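Since the structure comes first, as structure tokens, the remarks are kept for the end.
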Amino acid sequence: MTIILGDNQYGKAETHVVRVTRDGATHEIQDVNVSIALAGDFDASHTEGDNSKIVPTDTQKNTVFAFAKDSIGEIEQFALRLARHFVDDFAAVHRARVSIEEYLWARVNVGGSEHAHAFVRASAEKRLTMVTSTNDASWVVSGLSDLVLLKSTGSEFWGYQKDRYTTLEETRDRVLATAVVARWRYANLDVDWGSAFTHARTALIDAFASKHSLALQQTLFAMGESVLKARPEIAEVRLTLPNKHHFLVDLSSFGLENDNEVFYAADRPYGLIEGTVTRDDAAEPGHAW
Amino acid sequence: MTIILGDNQYGKAETHVVRVTRDGATHEIQDVNVSIALAGDFDASHTEGDNSKIVPTDTQKNTVFAFAKDSIGEIEQFALRLARHFVDDFAAVHRARVSIEEYLWARVNVGGSEHAHAFVRASAEKRLTMVTSTNDASWVVSGLSDLVLLKSTGSEFWGYQKDRYTTLEETRDRVLATAVVARWRYANLDVDWGSAFTHARTALIDAFASKHSLALQQTLFAMGESVLKARPEIAEVRLTLPNKHHFLVDLSSFGLENDNEVFYAADRPYGLIEGTVTRDDAAEPGHAW
Amino acid sequence: MTIILGDNQYGKAETHVVRVTRDGATHEIQDVNVSIALAGDFDASHTEGDNSKIVPTDTQKNTVFAFAKDSIGEIEQFALRLARHFVDDFAAVHRARVSIEEYLWARVNVGGSEHAHAFVRASAEKRLTMVTSTNDASWVVSGLSDLVLLKSTGSEFWGYQKDRYTTLEETRDRVLATAVVARWRYANLDVDWGSAFTHARTALIDAFASKHSLALQQTLFAMGESVLKARPEIAEVRLTLPNKHHFLVDLSSFGLENDNEVFYAADRPYGLIEGTVTRDDAAEPGHAW
Amino acid sequence: MTIILGDNQYGKAETHVVRVTRDGATHEIQDVNVSIALAGDFDASHTEGDNSKIVPTDTQKNTVFAFAKDSIGEIEQFALRLARHFVDDFAAVHRARVSIEEYLWARVNVGGSEHAHAFVRASAEKRLTMVTSTNDASWVVSGLSDLVLLKSTGSEFWGYQKDRYTTLEETRDRVLATAVVARWRYANLDVDWGSAFTHARTALIDAFASKHSLALQQTLFAMGESVLKARPEIAEVRLTLPNKHHFLVDLSSFGLENDNEVFYAADRPYGLIEGTVTRDDAAEPGHAW
């Protein structure tokens, strides 16, 4: 028996860069958090402490800043440039993965006009991308997180399995709430990234709102289907939906009725529904995930 | 020498309640996190374990839910109702403080129309209130937190003290960013709470955006002044402004100029600027804080 | 009516410094997070943007690093040195407050021996101090946070007020758990800081464990009293004790008894008990808090 | 093209249960956070909203509490019992995964004796397990997280790749610190879980402390190797090691030398080193991960 090195990767995580672009007095800002992971011919560093093929994570950080000087643009493009750089310029790097989360800002409105250089953080939502490049190809997975949605009706849950540990009562009307994490894989790189993101996001929200829900699983499938119908270049959608329980408070001992009006928003435990929605003829994922 | 009990209070913190109000098919939701603290004649509980005057925190939680059944309304009104209840209905309670943070939701827009019962969390910002009631009076402090603002120019910092430990270079153009925590004290209770909140918030943002800044301290004062000018019923504004440093990255070793374009958004350490802006004839704060 | 500046302070928060001290091959480490707040003659910065009296927060950070070169020692001593420096060396500074949280490390034990230079983070607990200096005097408040304690019996809660919103059942045996935040004020500066901290911490834990509890308020008082009895130089103890509820799970519908065996550890809401324990002849607090 | 459901699972996350066991006056406590994920024949719930095969997550929570009544024991045993229950008792469940994190408590010492029923949270470290069961077999992966380690010397980093973006200086002596997340896969189920955990943990710490480090990658490999040497029943170790950078502060402009004494503990960005150490003849992982 010999002890051996298995899969491994390393890189700089969470380089947080803000890029200001000036068009005369009018500024644009972009706010991104970039994480890099490189895999390749790095066995000697692990087994011998021989770092001759290691690109220091400090250099990776510097590269993010230097590339941001040219401009960031759509985060998918920025991640593609970075990932290709590491794979193309360093023989030891066989796979580079660049993950970006983008924080969203809105222009401040003063007296009815948009301010030229003052901004307000727009929401807690994040736009995401993860690009993986090898010598031969690149894959793009994009998505979003921290999109918090709630329906105050239009959600049921009944007809489930019962056993000796079941105490939950069936309901024909409940609050349904979740914090969406969605990631979708593009079938190719010939994509209008900004437009695709906007449509995918809208499709997720539309389906959550419009689909009468008999289970959060059903809502999940409808959300994925909605994205796939909206954008043909998306091959697959992976969704993680915590069920943010809102429990109806029993007010009867206070002589009060609670006709789906007062809910306790619980933290833990929570349901966690995860699923993939794809096409039967979807291209192979390769190294996308 | 005798060991004695000093100031004390107790209560239930963070009762998180969502209230759904139905106007036919159209629903409204309100999402609040309520914390209660009672002070009064509770020495015996501390020194003897005699709980005969204690209102259990579990009862406080139930009270929040029961009162929410009637409706929440403006958070200042809900806090006032709760605070007065504890002071008025329990002889042992000499002072009740009710703090509420409200999470903000927007109606989902589907195909150009607002959805009747689907909502999206609007931002990470929180609307705040803290109401303090005694047998004789009540005080209202309202505010907001997690309002993140950034100016990409219009901020300088120079002319400061230098000593042997000073290495900071003066700048005539920097990024200025902060996450505002603002709390303002109302001089009386005869206030249109919703309108006052909206105006105070707008005043804070306007001043941040419009005031050319020579110091975050100067911006703080301008923000407080702006609120006081906007609403005569506000007696005092207290601001806590972390200086969320955005450091210009030195790209010169890569042969690149950085003309205020690429910034590293640092986490820690951070400047922390705190200050009060008030009126010379402001009413006494009493038990407001 | 004129708008005026009220109380204000500013400084650098959370300068996180690790100090390594070498005694031959044997190393010691100290890991502290230092926050500074200065108050004084800073009106012109607020109202005019005149920074001529401002000590930049960047300089404050550098000062922490430079002072750490000499050594840190007990955190009270380090905070006193820093606070006195700002008050003594800058005429505009009328009050300096230095708050430190110290992270605790233990030496790694390898094969029965303590390692010379390898360390493991000992617990999530933090040792705290807050020193306030004016031109004339200094005050020291020390303490701890994140000390999580639990008793599986020896705690009751009954005999409390009941009203129409009371549903809580009385109990003669419950789990009592809390995460202690304790801060104690020293009457003078002539203290063996390390020994006092150790004794105060032990006194808190002893009282929590030994005192049969009829209310968390009673436990709080016993904990404060225990500290005051242990160290005569401590004038006052302020305690913040969240009641980390452990609810007995109802297993009866599964045909099981639950004789105080299975508990659900809830997150929110939680009780929050706050109180001060002091001496009837305690010295005035001055600017300590 | 048809839109289809891909991989999916659902369950109750983070049921936090504390189990008290009484041996006369002496109590033991166990504090665990249990997450369950079930996969199987759940397509109809996604596509039709037909929940007839769904075991509600609420029932899963109840099951955790009911099973805890019997006793928890080693977390691997508890997870195995739960996972087998869901796979064996519900035909629709084809795979159950139960993940547990255990919080560690120590008995309070009062006056030199261990207290019978008072406990203190021992550290921020967590003991982990993840058990996966199918109809035919079960797999156990155990581990730990939040083990924070630091070496004040015995770490170098030099000889790495340089390019136009490299500014990092080589070092023969640096601080090395990390927060270990380690997970190890057992080759079979015939294991003394408690002893294996203790030995694996010790092996990780020993290797971190003892191995002179030329790269965090080398330290990672040594840590994995050390675990595999300590316990033959462990087939594979996966390590995630953030490089918690401690940067030497430049004190030269203050006329001070910094001979590896004063370090700034940075938060972000951070290096992130991930790797697997295994045996060349390790059993296949099956559904373990």
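Lettered A, B, C and D in written order, each chain numbered from 1.
FYI, a residue touches a chain if its C-beta (ideal position, glycine included) is under 8 Å from a C-beta of that chain, and two chains touch if they have at least 3 such contacts.
Quantities reported herein were computed from a predicted structural model and do not represent experimental measurements.
Shared contact partners of chain A and chain C, listed by label: B, D.
Looking at which of A-B and B-D shares more C-beta pairs in contact, the answer is the pair A-B.
Centroids of chain A and chain D (each the mean of its C-alpha atoms) stand 24 Å apart. Note on chain placement: the centre of chain A and the centre of chain B lie 30 Å apart, centres being C-alpha means.
One finds 38 Å separating the Cα centroids of chain B and chain D. Chain contacts: chain C has residues 15-16, 62, 66, 165, 167, 254, 267-268 touching two or more partner chains. Contacts between chains leave no pair untouched here, as each chain touches all the others.
Residues 164-165, 167, 253-255, 267-268 of chain B are the ones that touch chain D when the two sit in their complex.
The touching residues of chain D, when paired with chain A in their complex, are 1-16, 35, 37, 42, 45-59, 61-63, 66, 89-90, 92, 157-163, 165-168, 213-218, 220-221, 224-225, 228-229, 236, 242-243, 268-281. Contact residues on chain B toward chain A in their complex (touch as defined above): 15-22, 27, 29, 31, 62, 65-66, 68-69, 105, 108, 110-111, 115, 117-124, 147-154, 175, 205-206, 208-210, 246, 249, 251, 254, 256, 258, 260-267.
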